[in-house]
Amino acid sequence: MQDAFVAFDRVQKSYDGETLVVKDLNLHIGKGEFLTMLGPSGSGKTTCLMMLAGFETATHGEITLDGKPINNIPPHKRGIGMVFQNYALFPHMTVAENLAFPLEVRKIGKSEREEKVLRALDMVQMGDFGGRRPAQLSGGQQQRIALARALVFEPELVLMDEPLGALDKQLRETMQFEITNLAHRLGITVVYVTHDQTEALTMSDRVAVFDDGRIQQLAAPDTLYEEPQNSFVAQFIGENNTLSGRVTRIDGDICEVTLDDGEVIDAVPVNVSAVGDRTLVSIRPERVEMNKDRLAPDAHTLKAEVAEFIYMGDIYRTRLRVAGRDDFIVKTRNAPDQRRLKPGEQIEIGWRPQDCRALDA
Amino acid sequence: MTDAATGNIGRAAADARRAEAEQTGPVMAADGRPLKQSLNRALRAQKLRALALIAPLLLFLLVTFVAPIFDMLFRSVENQITSETLPRTVVALEDWDAQDLPSQDTFAALAYDFMEAAERRIHTRLGSRLNYETTGISSTFRRSGRGIDDLGETQAEQFIDLNPQWEDPAAWVALMAAPDWIAAQADWAARADAADAADRPFDEAEPAFRLAGGIAATLPETADAYRSFATTIQQEDEDSPTAEEPWNTVYLALYRDLLRQPAATIAAYDGPQAALVQEAAGVAAGFEATDLPAFFIDMDDGWGDLKTWETIQTFSDPYTAGYFLAALDLQLTPQGIEMQPEEQQIYLMLFWRTIVLSLTIMGLCVLLGYPIAYLLSNLPMRTSNLLLILVLLPFWTSLLVRTSAWKVLLQQQGVINDTLVWLGLVADDARLALINNQVGTVIAMTHILLPFMILPLYSVMKTIPPSYVRAAKSLGATNSTAFWRVYFPQSVPGIGAGCILVFILSIGYYITPELVGGRTGIFISNRIAFHISDSLNWGLAAALGSILLILVLALYWLYDRLVGIDNVKLG
Amino acid sequence: MKLKNLMLMTTATALAAPAAMAQDMADSMTLVSWGGAYQTSQVRAYSDPYTAMNPDVEIVWDESSPEAVARLRAMEEAGNITWDLVDVVGADAIRLCDEGLAMEVDHDEILAPAPDGTSASDDFGDLIVSDCFIPQIVYSTTAAYRTGVEAWEGRTPESICAIFDTENFPGTRTLERRPINNMEWALLCDGVAMEDLYDVLETEEGIDRAFAMLDTIKEDTIWWSAAAEPPQLLADGEAVIGTSYNGRWFSAIEEQDQPIAMLWDAQVFDLDGWIIPEGLPEERLNRVLDFVSFATDTQRLADQAAYISYGPARASSAPLVGNHADLGIPMGPHMPTDPANSERTILFNYEWWADYRDDLDARFQAWLAR
């Protein structure tokens, strides 16, 4: 991307001089983009955020902001808004003082300051809370204030470090919606760190999946889900069934995999390169069909035994024994034509080869 | 929005409940009792258990902390010693106008009091007490204790010359003792002899002496003096009045009674030994008299000094403000409260110095301790634990060893001065005086008390997440703004706790100031220690201690008003 | 008196009196002293031989004499006297006696006579400053100076007044942080005759005169509170002249070989001795009386002088003083009572100080603090 607003260029980071926490990171973020760094803890995503904020320095490589290298700019001069995991609202200041803080240090006049603070509070629907102390607010309210504080000085880039981690599920969903809404309305660039894949999928324009100090895949949410580039991403994003086997034939955009129990299936070759490679075949649970009538003509079918049937309201979740594994999950919509299966029942399942991706082992 | 919504629902529900309660009166429990009552009953067991858990500590505190404090407060005003030692004199002095020496009667009262006090060996104790107020009384009392035996000897000899019966303890007992006591005593003596004969141990005390009914009306002073004699020898020496000749002062009392009582009263006496009494009454007027004031002044000049008598009079109340006044450089004179002479004023100055130096030490501890605590709280656990041990190291060395070390370092021929001279920073003949003055006290005490500042600071700083400073920086604050506006205010509770600890500890320190403070670096506590262990003026020590306590409480209150006591955190 | 009673009872009830006495003695006792070399001298001269004679007796030493007065009062208030015999200075003995905390004793009755038959009270003479006090040693507070001080240009202090002579003997002084002795020396050096000291000191003008004299060296003086300080200060060169107890100087000069010399002029004699706490139970009292009679006999007092340079309080002990037990030097010339050392001495006036101490102390501390 030529017009990258934020760019990581071959960035490496090591704390102890022995191991790299971030390995050769290249990442370009466009202006106005909502980018999420997703990954398990210890994957390097927070370190990247801290390097961008200026609290950590890159061991090697360059980070640029709006075309200018920022490696040597101290955090307070970067003009980046930031929302912290535990909000980091200053407990000894009132809400209004917290919001006025970034304006004060920027030497903005009192009347303008007050006006901006009010506007920011209104923006997060907390107009009446200016005089309260952070300790007197609920978690959700503190979250809003933290957001308002990060936005009040009108930064073009806002970093958010697992900002919704401490909230309950319902509140989190509301806030996810509000944050994305606000970000799009204000046209700011957001770099968002989370380990919650649902959050990443629902909020972001693009998601960078981190593992082991590297970006495993950088893509829009739907691409990420539908077309994981490797087995880590496939496993990490959403629920996933894997069957291990060996590639026995590659034929353009279709390959033949012989599973460990001898069953032969077709799959889309994603990152298998040669015949004989070991592979993990990935199939999403909702793409598996148990109703013979609805199977596509080219579908591959397999025998399976029901191990467990779980009723979850909107869907049924069935655990099956398939090809020597007993953790094969199938999700079916709670529809009138779906039968409730009993453990021990022998059934036949099937899927389209396009939904079946042969990934690295 | 969700928050607000739930809040509203909650409030509505509460309103509804309240409305319900208003309609039906007090809420009842299932068994029909008022709910409050049931709740209290349910909680009582819990409270009792909680009380039982803290009871040992509570008791311990009461015994070792609260009780001594009250004892100290009490000592600082208690002054029963005068009225207990000289009861008759104190009464006789009540109306004394302090213009001339007191009357013969007052001297007589003093004679009886003093004789008993001297036999009980408590006169010198009162002398020491009154010597705090007026110099010289101590030796007056001590000397008089030696001479008081002889007072009344002239009279005794004359009575005995008149009739040898006056020398006989039994004759006196017959005259003075209640008949039932005489009987009880005889019984006791018989049992004692029997036990003795049988070689059995016998440790029963003689029955306590009782005065005969009518004698006090006839011979009031004699009866009083004899009772004093009898009970004193019984209690102090385990002697019996039946075996001991009365003190000379008893004869003095008899002489005075015979002269002063109306002849008719004496004549009307028809109790035991009436003949003996009336015989003496007939001739007593011709006996050689004793000039009591002259006798006392002869024993010690102090009795001729109005100041001695004024002091006794002024300090005769069972409670006195004298110690507190002395502790504030004031004194109680018959003319009222006055400042002490300027050359004796010391305590106010010492209180002031103690506070100023303690504040200085506190300030230095903050300045030195803050960066260390900051460093400790930002280091990895392992390193910071190691450094923390170094911080605590002073606690493990004895105070005297540390203080001696300071001497070696700080004295004029010491390490620091030698180094400075060697570096050429200080001339050899102008070495710095770093010890035996206030500088020494401040340096040594800052060193000793520094851990008390570092520990609360460290534990408070440990709880300040680094994200606050990061947040401030991300919001555009420079390092120093982030520190002063965000970090520092949050560490204030630690500073508060450290300051209170250091200040209160330093205000009560005395060993270190004593050893390194020289003449200008000692604290009020040094005087308290002096009065406890050296001058034995515990009343003054208690008053000084109480004032110190009040001072600390006042400063605590001030701190609460200025900073807020909930703004103190030990971690 | 209880004691008399006790004696009477013993004679009256028990025919085999000596045997009964021996049976009634406690077999342990707690002695209180000052610690250090002084206490060691007592252990070696008194308690070691005593336990050799009475192997069943356990003697516990306590080093609490510096706070004996306060501790005894606290014990009395608590009604539990745990000490049996306490070593105190004369002034404290008077105080304890005044407070009724020490037992009055009849010296002739409880102490051994001199070998030539002189009664104990005559042998101790004037040193019995209180009815409760059983004298043990005479020590003195005296001056000493650092030898070879360059600024003195070869002059040597001859009299106590060198302390006040900052012109001829410049340098830091060290004096005790209390009025006792300092007031006397100040007046003496201001021209008051030795015999008039206390009369002058009793007047307002006299006190002012003494303070005026002390004023001249106030700033040049390190005021000590522990007697171990002055020898150390002189040894370190922190001070050039000062006062302390003669035994402390002795150990600095003879045992540690420091460049210090004694200035015996106008030394102030003071006393140290035993008191028996008031209110001891009979058995313990018997044991203490037995011990104290032994420990203060003529030979024992002379023996103590072999370990420390303090003079025995009995006149009859003086001729028996021999050599230092470890150094082997004759101890006579190091005794404060040696004629060569006591040409000019001040007799510490206990009675006077008992009266004036509190008052003058307050004034002295106020003066120091200003």
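Order of writing sets the chain letters: A, B and C. Residues in each chain are counted from 1.
Keep this in mind: a residue touches a chain if its C-beta (ideal position, glycine included) is under 8 Å from a C-beta of that chain, and two chains touch if they have at least 3 such contacts.
All values reported here derive from a predicted model rather than from experimental measurement.
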| item | value |
| --- | --- |
| Reaching chain C from chain A through chains that touch each other, fewest steps | 2 |
| Pair joined by the larger number of C-beta contacts - B-C, A-B | B-C |
| Centroid spacing, where centroids are CA-atom means, of chain A and chain C in whole angstrom | 89 |
| Separation of mean Cα positions, chain C and chain B [Å, integer] | 29 |
| Between chain B and chain A, distance of the C-alpha-averaged centres to the nearest whole Å | 74 |
| Residue numbers on chain B that touch chain A, as the complex places them | 1-3, 465, 467-468, 470-479, 481-482, 485-486, 489-490 |
| Complex contacts: residues of chain B adjacent to chain C | 121-122, 124-125, 127-128, 131-132, 135-139, 142, 196, 237-239, 343-346, 349-350, 353, 411-413, 436, 514-515, 518-520, 522, 527, 530, 532-538 |
| Touching residues on chain A, where the partner in the complex is chain B | 53-55, 74-82, 84-86, 88, 90-92, 101-102, 105-106, 125, 138, 140-141, 149-150, 153, 159, 170-171, 174 |
| Chain B-facing residues of chain C, complex | 1-2, 5, 13, 66-67, 69-70, 73, 95, 97-100, 104, 172, 177, 211, 218, 221-223, 225-226, 236-238, 351-352, 354-359, 361-363, 365-370 |
